[in-house]
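Data block below; observations after.
Letters A, B, C and D mark the chains in the order given here, with residues in each chain numbered from 1 onward.
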Amino acid sequence: MVTHESHHDHHHHDEGFWRKYIFSVDHKVIGIQYGITSLIFLLVGFCFMLVMRYQMAWPEKAFITTDQYNMLGAMHGTIMVFMGVVPLAVGAFGNYMVPIQIGAPDMAFPRLNMASYWVFLPGCIVMMLGFLTDGGAAQSGWTSYTPLSVLAGSGKFWDGQTMWLLGMVFLITSSLLGSVNFIVTIFQLRAPGLTFMRLPFFVWTQLVTAFLLLLAFPPLEAAGILQLMDRLAETSFFMPSGLVVSDVVQDQFSGGNPLLYQHLFWFLAHPEVYVLILPAMGIVAEIVTNNTRKPLWGYKSMVYAAIFLGFMSFLVWAHHMYMTGMGTAISAFFQTTTMIISIPSVVILTAFFISLWGGSIRYNTPMLFALSFLPMFGIGGLTGLPLGLSTSDIHLHDTYYVIGHFHYVVAPGTVFALFAGIYYWYPKVTGKRMNETLGKIHFWGSIVCMNLVFMPMFGMGLAGVSRRLWDGGAVYAHAQEVLHLNEYSTWGAFGLIFFQLFFIVNFFGSLFSKEKTDDNLWQATTLEWCAAPSPPLPHLNFARIPEVHRGPYEYSVPGHKTDFSPQTMKETEA
Amino acid sequence: MHQLFRKINIDWSNPLMFLLVGLHLAGCGGDQPAPQRSTPPPATSSENTIAQKTTGTASISGTVSFIGEVPKLRTVDMGSVAECKEQHSAGLKSEALVLGDGNTIANVIVKIKSGLPSNAKYDPPTNPAELDQIGCIYTPHVLAVQVGQTVKFKNSDSVIHNVHTLSEKNPAFNKAVNKGGEMDRTYDQEETFFVKCDIHPWMKNYIGVVSHPFFSVTKLDGKFEIKNLPVGKYTVEVWHERLGEKTQEIEVSHGQSAELDFTLSKS
Amino acid sequence: MKSFLQLWMPSNASTHGGSVDNLIFYIHWLMLVLFVGWGIFFVYTLFRFNRTRNPKADYHGVKNHYSSYLEFAVALIEAVLLIGFSLPFWIQEIAGAAEENTDHDIELRVIGQQFQWNIHYPGKDGIFGKTSPNLVDGTSNVLGLDRSDPNAKDDFSSQGLSIPVNKKILVHVSSYDVIHSFFLPVMRVKQDAIPGISVPVVFTATETSPKDPKKSEKWEIGCAQLCGTGHYKMQGDLVVLEEDAYNTWVDEQVKQALEEGEAW
Amino acid sequence: MEIPYTVQPRPDTGVYNGKMGIWLFLASEIMLFGALFSSLILLYIGSPEGLWHDSVSHLSVPFATFNTLVLIASSVTVVMSWASLKMQDLGKYRIYMGLTVLLALVFLVVKGFEYNEKFSHGYFPKTNTFYAVYFTMTGLHALHIIGGVIVNLYLLFPGTKMWETEPERFTNRIECAGLYWHFVDLVWIFLFPILYLML
């Protein structure tokens, strides 16, 4: 951080170190803070996964206890979703790029932006403090289903699950502050001439994402508050009468409904899936158009699809709950909405594929990652189909098939898109370019290992092996024939961390590279490249607010001198 | 507030585990051993004037036996847990009532309930009490320890167990113990509670925490002996998991070996 | 496709399982066609429009709207799968079971408990005895049966599920502590066991389970929902017997229950 | 370079940044209380016959009616404080804003008495699901009131400095605070009949 900032001209000598780098209100610094924090948490979550994978592949070694396994599992999910991918996709990329892409000097509420990060970080820390408690961190899964989560732990306050809930309240508050800021920024601070249909697709996805965060998170906040009440004040929101745990009748509880929690949780958590995937699609759109040197095919239909996706994501939550004993009418409703929501995803994916046709494709590292997103997300999306119909879900629900499905969406899907974004925008943020050779090794290694990790899971899922098993299924007869797949997954995971070393070395090493890049090294059209220097000016972004004259992806326009026509370029200049 | 802080018991080995992944996991069983006090047991410190008041040379012994119709005992259903089943080829009988010849009762905690000097303080023994999980049962089935004495929970089985203590006055905990693992705990409140292995629901054990050293747990012969008692009048209590509690009063004088028998029956 | 997927999936031994499997097969066909179609297009495009082969990009790209036909076709196939297969099945097999007074042959209760499955058999009289949470004891009374109730005298519990072949089984799935999920892989049955709620599930076995099976051949009950520290081993045996053998087994169990009575 | 539209509305959206922000924030608040109200309905449906009705009968309707009037009055005063600023009258603004804070405090005090009465009669959140809902929802609402009081106090004392430099921006701030305050009232106007009268 310090290294690249030192290239700036120091106009703001009056700002001290703390104001400038720690409690900064500059959206770029906050974006970098989010980025670094979330990359660290992605690594932490990944290490948790390695330990679990080791345990599952060789359960007879009893590397960790069942408690520790459940802790790692719950925290892996929570970290990856709430402290890793979302802060990176929205907090880092969104914060850094959205204002520059719309030609704004900063976010609409810079201090709110700072507050959002400084609520996020304590939330993460509070949650991780769970590991210091007597019983360890939360171990009821990232879903924290009641009654298990309410009963978990014996010390009620100083306990991993309580810490998880408190941390969750912090994280939710943080993303509420952030999403208000994003929406206002995108609506209010667009540069002159930048109409909605001239917004880069990335900005659109950020806008839809912000709405999802704004409207879907509060119900989880409610669920978190109610669960805290159940744990600390012995209320019975989610706790039915007549519970017997370890031969002890829990007569302090009566009259609650455990399914209520699931409804509140999934009302958030399904939109959350689109929070994870939409910004990734936005990043892919930027990189694919830039490296095919042609406009995005069906830009408008993609925008409408993204909006529709966001809207529908509020109406599908109970497809996570087919096995809770729901009636025909409710199940029919949610199956129908689930089938409907698959259509806009197909539209977006198809538009990406067709965008490639007729292009002049450059294969640089960001493009490789962006391209690999398409088939990987394709696998993730398609394997969602049998889970979306309640009948086929009977066999596959809560098996490894589900794990394979959503990991294909999020890991080689979203995370690859995020890597693409890092390689693509690194020169924008630092003024340096990441090494291509290391980047390509990182890419090819990662894609092979990713598939080695997740492809076997479909086999295990079809065999009916349940998720979250400490011994990887060794107890179960129906798992015996597929147990060896656990080992492939584990080797894949170890391979994966090996290839991430190339990324880590590249990420830090490139900071010290002597070569400064051009302001617009990718020859891109969007405002962050064509109207602002790399790295952008501190606190201002632009020397003066740019004026926008055209759509975001005007590449290879017939009759123009260059194969890219920046958004700031007037028609007369062409 | 006191309740709250008592529950704050940081397990430092846990975060360490995550910092040193792969380095010391194999040996990571549980907590640091509690600091052990090195004062000699009460018996050897009889010259001490304070100790003279709180310990003595009297003793109480006797037998606890069962009267009435002996209830049948169930064979434990271990489901399909092969590793546990194969250790009990003849089947495992419920340990709810273990009787010796002449219907003497094992697993009864006998302790002085009241009558000791009110300000008496007794240092806990330095040797830990062991609670092993072997053959998918807890051994011993009933354990009595003194306040402050270390209880060592062990797992000598090849399968993973978990120790779920359902204490109310002392902090309860629920932790898995891998094969060969062990962890130490101390208790600072007098109470009798049970311990379960949730993974194997039939596994149940009782721990009696007593604030002084004057207690005993009967073996199969139903016999108990409480030694080194100072002169005084005492209420002696017997406790059994299913048969409940019963008390008797007795007065002992210097050097006396008093006899006291108890009978318990189905209520 | 069918044989490829069956290679992975456990065998099916229930009357309704075939419909579940078939839907899974059809969807995987759809997935395969879409993925291969996209894949061929993708790989060809990457090869054909490489910068060296095609140095000048085409501003307009694809002008036709075949993709709309594709999207429409996908929507149509999904609608067929939904309306033609998934919904009718759910109405007949799953929701149908929820209606009371379905004509079943055997009625059982399944109660999830950390960490085992307890099956409550009503005994010879076919009437479930009273149960109470206060009476639950892990060793002697996992169901919390009130043995003073005359209907409870011949009730017995088992940690495995034994049922007769070709009989319609009605199971009430519930739990005493946390949420479990009652999963019979070979029967294509899965139902969350939720405390405070009892959900009926109906199925019929078409085959008897292997006699004296090796470990990998056993039929079993699994738990598909994280239920705590012992979730990984919340497994029970599923034994499907010929009717005679089943009756003999029930007789033995009832006899033992009557003998043991209120034993500790 | 300044961030645009902090004071003046943007022509195509018709609002200034702060106003859009507060509306979005209120949208998320609606989702929060909406989720709680849905939980209330679900728990009510699942509750044993008469249990909730009996519990409701222990609530004090006069107290709550008084509190409702207090909050409605405070809604009026907060509008008056904004109107006073629009009419360039800082003195009146201070009076009305002061009244708003005062009324909020009255509400909290009455609420405190109500809680105290419940506790002293042995009704706690854990008593049954109705009390759980009652204490959680009114408690959360009270937290919102406290938040509003803090903001209003800031605007009443140190925040007034902005009036000297940027009067229009300060007026906007009062408008936003007022919108939030109306929302808090609105929540109570839903809470009061549902918790006290309808069940």
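A few notes on this one:
Keep in mind that, in the parts below, a contact is a pair of C-beta atoms (placed from the backbone, for glycine too) under 8 Å apart; a residue touches a chain by one contact, two chains touch by 3 or more.
Please read all numbers here as calculations on a predicted model, not as lab measurements.
The central chain here, found by comparing per-chain C-alpha centres with the mean of all protein C-alpha atoms, is A. Mean C-alpha position of chain B lies 56 Å from that of chain D. Inter-chain spacing, taken between the CA centroids of chain A and chain D, is 34 Å. Chain C has its Cα centroid 32 Å from the Cα centroid of chain A. The distance from the centre of chain C to the centre of chain D, each centre being the mean of the chain's C-alpha atoms, comes to 49 Å. The residues of chain C that reach two or more other chains are 113-114, 138, 220, 228-230, 233, 235, listed in rising order.
Residue positions 66-67, 246-247, 256-257, 470 of chain A each touch two or more of the other chains. Here, these are the chain pairs in contact: A-B, A-C, A-D, B-C.
Those residues of chain A that touch chain C in the shared complex are 66-67, 70, 73, 139-141, 145-148, 151-152, 240-247, 249, 256-259, 292-295, 297-298, 323-325, 327-328, 331-332, 335-336, 339, 342-343, 346-347, 349-351, 353-363, 371, 374-375, 378-379, 382-383, 385-386, 389-392, 394-399, 459, 462-464, 466-471, 475-478, 480-482, 555-558, 563. Listing the residues of chain A that touch chain D in their complex gives 104-106, 108-110, 112, 176, 179-181, 183-184, 187-189, 214-219, 221-223, 225-226, 229, 233-237, 252, 254-257, 260, 263-264, 267, 540, 542, 544-545. Every residue of chain C that touches chain B in the complex is listed here, in rising order: 113-117, 138-140, 142, 157-160, 220, 228-230, 233, 235-237, 259-264.
Remark: chain B residues 71-74, 76-81, 94-97, 162, 174, 176, 196, 198-204, 242 touch chain C in the complex. Residues 47-48, 50-51, 62-68, 131-136, 153-158, 246-248, 470 of chain A are the ones touching chain B in the complex.
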